[in-house]
Amino acid sequence: MDAFLLKSRGMLLAYDQGLEHGPTDFDERNVDPAFVMKLASTGRFNGIIFQKGLAEKYYDGRVPLILKVNGKTNLVKGEPLARQICSVERAARIGARAVGYTIYLGSAHENIMLEEFGRIQEQAHGLKMAAIAWIYPRGEAVENDTAPEIVAYAARTGLELGADAVKIKYTGDVDSFKWAVKSAGKTKVFMSGGPKAPSELDFLKQVRGALDAGAAGLAVGRNVWQSSDPLRMARALRKLVVENLSVEEAIQA
Amino acid sequence: MDAFLLKSRGMLLAYDQGLEHGPTDFDERNVDPAFVMKLASTGRFNGIIFQKGLAEKYYDGRVPLILKVNGKTNLVKGEPLARQICSVERAARIGARAVGYTIYLGSAHENIMLEEFGRIQEQAHGLKMAAIAWIYPRGEAVENDTAPEIVAYAARTGLELGADAVKIKYTGDVDSFKWAVKSAGKTKVFMSGGPKAPSELDFLKQVRGALDAGAAGLAVGRNVWQSSDPLRMARALRKLVVENLSVEEAIQA
Amino acid sequence: MDAFLLKSRGMLLAYDQGLEHGPTDFDERNVDPAFVMKLASTGRFNGIIFQKGLAEKYYDGRVPLILKVNGKTNLVKGEPLARQICSVERAARIGARAVGYTIYLGSAHENIMLEEFGRIQEQAHGLKMAAIAWIYPRGEAVENDTAPEIVAYAARTGLELGADAVKIKYTGDVDSFKWAVKSAGKTKVFMSGGPKAPSELDFLKQVRGALDAGAAGLAVGRNVWQSSDPLRMARALRKLVVENLSVEEAIQA
Amino acid sequence: MDAFLLKSRGMLLAYDQGLEHGPTDFDERNVDPAFVMKLASTGRFNGIIFQKGLAEKYYDGRVPLILKVNGKTNLVKGEPLARQICSVERAARIGARAVGYTIYLGSAHENIMLEEFGRIQEQAHGLKMAAIAWIYPRGEAVENDTAPEIVAYAARTGLELGADAVKIKYTGDVDSFKWAVKSAGKTKVFMSGGPKAPSELDFLKQVRGALDAGAAGLAVGRNVWQSSDPLRMARALRKLVVENLSVEEAIQA
Amino acid sequence: MDAFLLKSRGMLLAYDQGLEHGPTDFDERNVDPAFVMKLASTGRFNGIIFQKGLAEKYYDGRVPLILKVNGKTNLVKGEPLARQICSVERAARIGARAVGYTIYLGSAHENIMLEEFGRIQEQAHGLKMAAIAWIYPRGEAVENDTAPEIVAYAARTGLELGADAVKIKYTGDVDSFKWAVKSAGKTKVFMSGGPKAPSELDFLKQVRGALDAGAAGLAVGRNVWQSSDPLRMARALRKLVVENLSVEEAIQA
């Protein structure tokens, strides 16, 4: 298995929030998947992350596609569970280069998601697609989902399960994130962009920190398409992720 | 996938209430599926919505068939769950042009219905049928199922899941329903008729509002076949939906 | 699908109580399935209802076989659930002309039984067998399982689900049962015999009422094989069901 | 289906206690499955009952094999549930002549076991093996698992489900057990040996009672291999079961 | 089935703690699977135990591979459940000689794991791989998981289920462990290394005790790769396990 996004560092444009949070994350412009699809190529992202419905209706083939194959709404309370809603075969037929799957580590339903990811990973590799695990510790058993030891546990779980890459939250500092990256071994680590940061500078510093800690890149959504100037943000991220420049250099872009 | 009802605006005659509510919705005339089947063609509807049993015994092929493939009674309390009760293959063999599936968004069993719809959507497309999602936010986590943000969430979920069309409740005003329609993107929006409105005028105004907001049409049951003059109601709706006339013009029909 | 018992009116001999209630329903004579099997033909019943085990060991082929494919004991309390315990293929191989399946409408497990019946109905039709639904509203959500509206709901559910016939309880009067029969549409209605009535006359009056309301017949067990003279009872029922005579005429048989 | 153990009366040596109770039932000698395997042939039993693991490693082919295909430990409290842990195909390949399956009648999980036995019975017959049901009423709903009516219910359930033989507990007296045997119809009844009886005489009297009531034999474990002289016990049982002698004659053996 | 590790005594290097406990068990050196992989061969272990992800990315083929096919994190509280996360086919393709599966005996979910192991054992044998059961009594019903009778029950369960080898905890003394080994019959017993012992001497004495009781070897992780000199520890273990020397002789190595 030698998948596209695993060859070098990369930045992925995440746009699966429509199912996870609802259109409350969107405005008149970014509610349109066509806007985000176009942004992915003009912003020179290394991949776009869609649910099946968006991919079928809006994917234009100009950047690699990562298809999220499970999901849930944020209406349901209690221990989180997201089951598979797109088959791996369908993902392949749509043209996906990788499938994405969210595991809520520590949820009372963790066992269902571990099992399901196990099957999906094998199917994806059988179809020459990468398998990326979004690993989010969550549920009553999890007090702080960005505590260094819990983020490292998430990273390691990705490696143990055979994920080609893992998407995890940033711990907040380089040193503790280094341990998470080290725990992930040969599984690439993508920092999760998360909600819009207070300022662009803040966000870029986080990304720089993750990269300095060894991350292969980031998957970012709201901090780009909620930005007043998404392309400028994309350029700045590219300087960090691909050209490996400093925050100061990136922000001048 | 290029399904019949998705080419233009349309009005669908819903008659799945026998399972969802029991015959309490019916009178001596409309309890007979043959009456409603005939009404569908004489009323020039663009589709008729049946459960499997009705389709097998009463469908006459004169209007396109949308087969509801899940359902439940209203006797069971607690978090709602409706599972698949008709296979997609059977729906195709009966001659359905689309399958319909209800998702109770926010129910504790949401994950089961999201997963099941995922499979059904792929099977339906494989058999050249459209997949329509009835998306009804319901359960303890849902306070108001016609609040603008929750209706928009329902609409968006249909898009994310790959539904060709989504059937949702009207929010009550054009502006907020516009946002729902926008959130649904390329997934067509059908307004759900709901229980019989206080007056025909009230109902027609709602439909007009939904259409003005961008809806592709409506799926209507009780407001037609509980009407004292169903054909007149059908003609009025046709003026609104197909001929795009005003409520005043429609009501004169 | 044009199954045997659906051509005309009929009376079916039910003998699935061994699993549902245990041998407490039986005496030294009727505990023997061979006795009941013989009674089915000498009593000129239109069908015999057995569970798989009885059919495999006692069915003699002299009357059509309806195979009950789910069941449970009455030991378990709480929301009722009966799952499939005989495959449709096996039923066909044993020589069944129809399969029977009980749905506890309103049970918290209703969804499981609706789904299972959905599959069984399709398999049965695929093998040219009829599918008969025993629909019994039961569980915490059901206060009175013979209330007219709930019996009509049960009848209608059979139609919606695609049952060829539905077995439901009698409401107690002709008028309200008429509504149930009407709600069932083209799905034939069989009155459920229920526990032994106070007197034979009482029972025959119920049957007459159900037939006058439009029922296609009845499925009867205890009121026949617990009778002191089962054959006389069978003859009386035959006069009602097949010859369409009055209770007075029937009782003289 | 015409299976070995169903042709005549028989005594089966049960040795599935290692999983059900743990080695606490064993001593230095009978903890060894080879000891019990040998005892089965030297004691001239008509069958040996093993779980898959014992059968694969110790079965010597000298007496017919009954393979238990479900089981559980006694550590878990609450409503009992034992699921299938050996496939019917594997049982056949090991050389089993019958499969055994335990149903905890009245358990809240009864429905799972009824369904599973239904499938196993059909598979077993398809492979020309007998299907024997261990039917033990148990769980909160069951007050007294040797009450005559509950034992008769267990016996009848075996018949209704299509078991070739049923293994049930003795009620304590001939008359009430006769009713259980009668309720089982053509399904053979094996008395369950149960825990070691206070004295050999007591045990032999129970067996004699069961046989006089019409049982086809017994399945016995602890009362044989926990005996100080297992072969003498086997001989005594053989006199009862096969030669149909009295307890007095048997005990002189 | 004649699997590699079952021919003689052996020591297995366990490294599945990354999923079970998270990287908290690791330091900068042993967090790297490549370090442990190399240690397996330089330390002359008879097998290395990996989850799928580690095996796919780090296994070098120089020592036999035992693939753990289920697992869970320690974040989830309540009754433990670990489901299958790697298929047996995949394990075979990676080159595993055996699959490992953990059963939490006495857990409320025990039935799921017994059933799953049943299937896995048959698949593994069908592919000429051994099936090793990690049997850990755990859950509310289990007070003391190293009590002699509970460890013997775990051992016996391995035998009854058809495991080729069972991995269980040491009871603390030779005599009681002898009973566990005896209970396991022809199923080989591997002592579980457990958390790092207070001193190396303590640990070696435990291993010696297990071997004297008849164990076939041990599966050890933390006591080796958390050691300041893992290779010395490996050599000492080898003297005990393979050369059957005393603790005094082993410690001089």
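Each chain gets a letter, A, B, C, D and E, in the order it is written, and its residues are counted from 1.
The rule is short, and it goes like this: a contact is a pair of C-beta atoms (placed from the backbone, for glycine too) under 8 Å apart; a residue touches a chain by one contact, two chains touch by 3 or more.
From a predicted model like this one, the values you see are computed outputs, not experimental measurements.
Student: Quick one: how many steps at least from subunit B to subunit D, stepping chain to touching chain?
Tutor: Step count on the best path from subunit B to subunit D: 2.
Student: What chains touch subunit B and also subunit E?
Tutor: Correct list: A.
Student: Indicate the whole-number Å distance between the mean C-alpha point of subunit B and the mean C-alpha point of subunit C.
Tutor: 35
Student: In whole angstrom, what separates the CA-based centres of subunit A and subunit D?
Tutor: It comes to 57 Å between the two C-alpha centres.
Student: Can you list the subunit D residues in contact with two or more other chains?
Tutor: none
Student: How do the chains line up around the ring if the path leaves subunit B toward subunit C?
Tutor: B, C, D, E, A
Student: Show which residues of subunit D lie in contact with subunit C when the two form their complex.
Tutor: It comes out as residues 105-108, 110-112, 114-115, 117-119, 121-122, 137, 139, 141-142, 149-150, 152-153, 155-163, 179, 182-183, 185-187.
Student: Okay, in this complex, where on subunit E does subunit A touch?
Tutor: 16, 18-19, 22-24, 26, 28, 31-33, 51-54, 56-58, 71-73, 75-78, 81-87, 90
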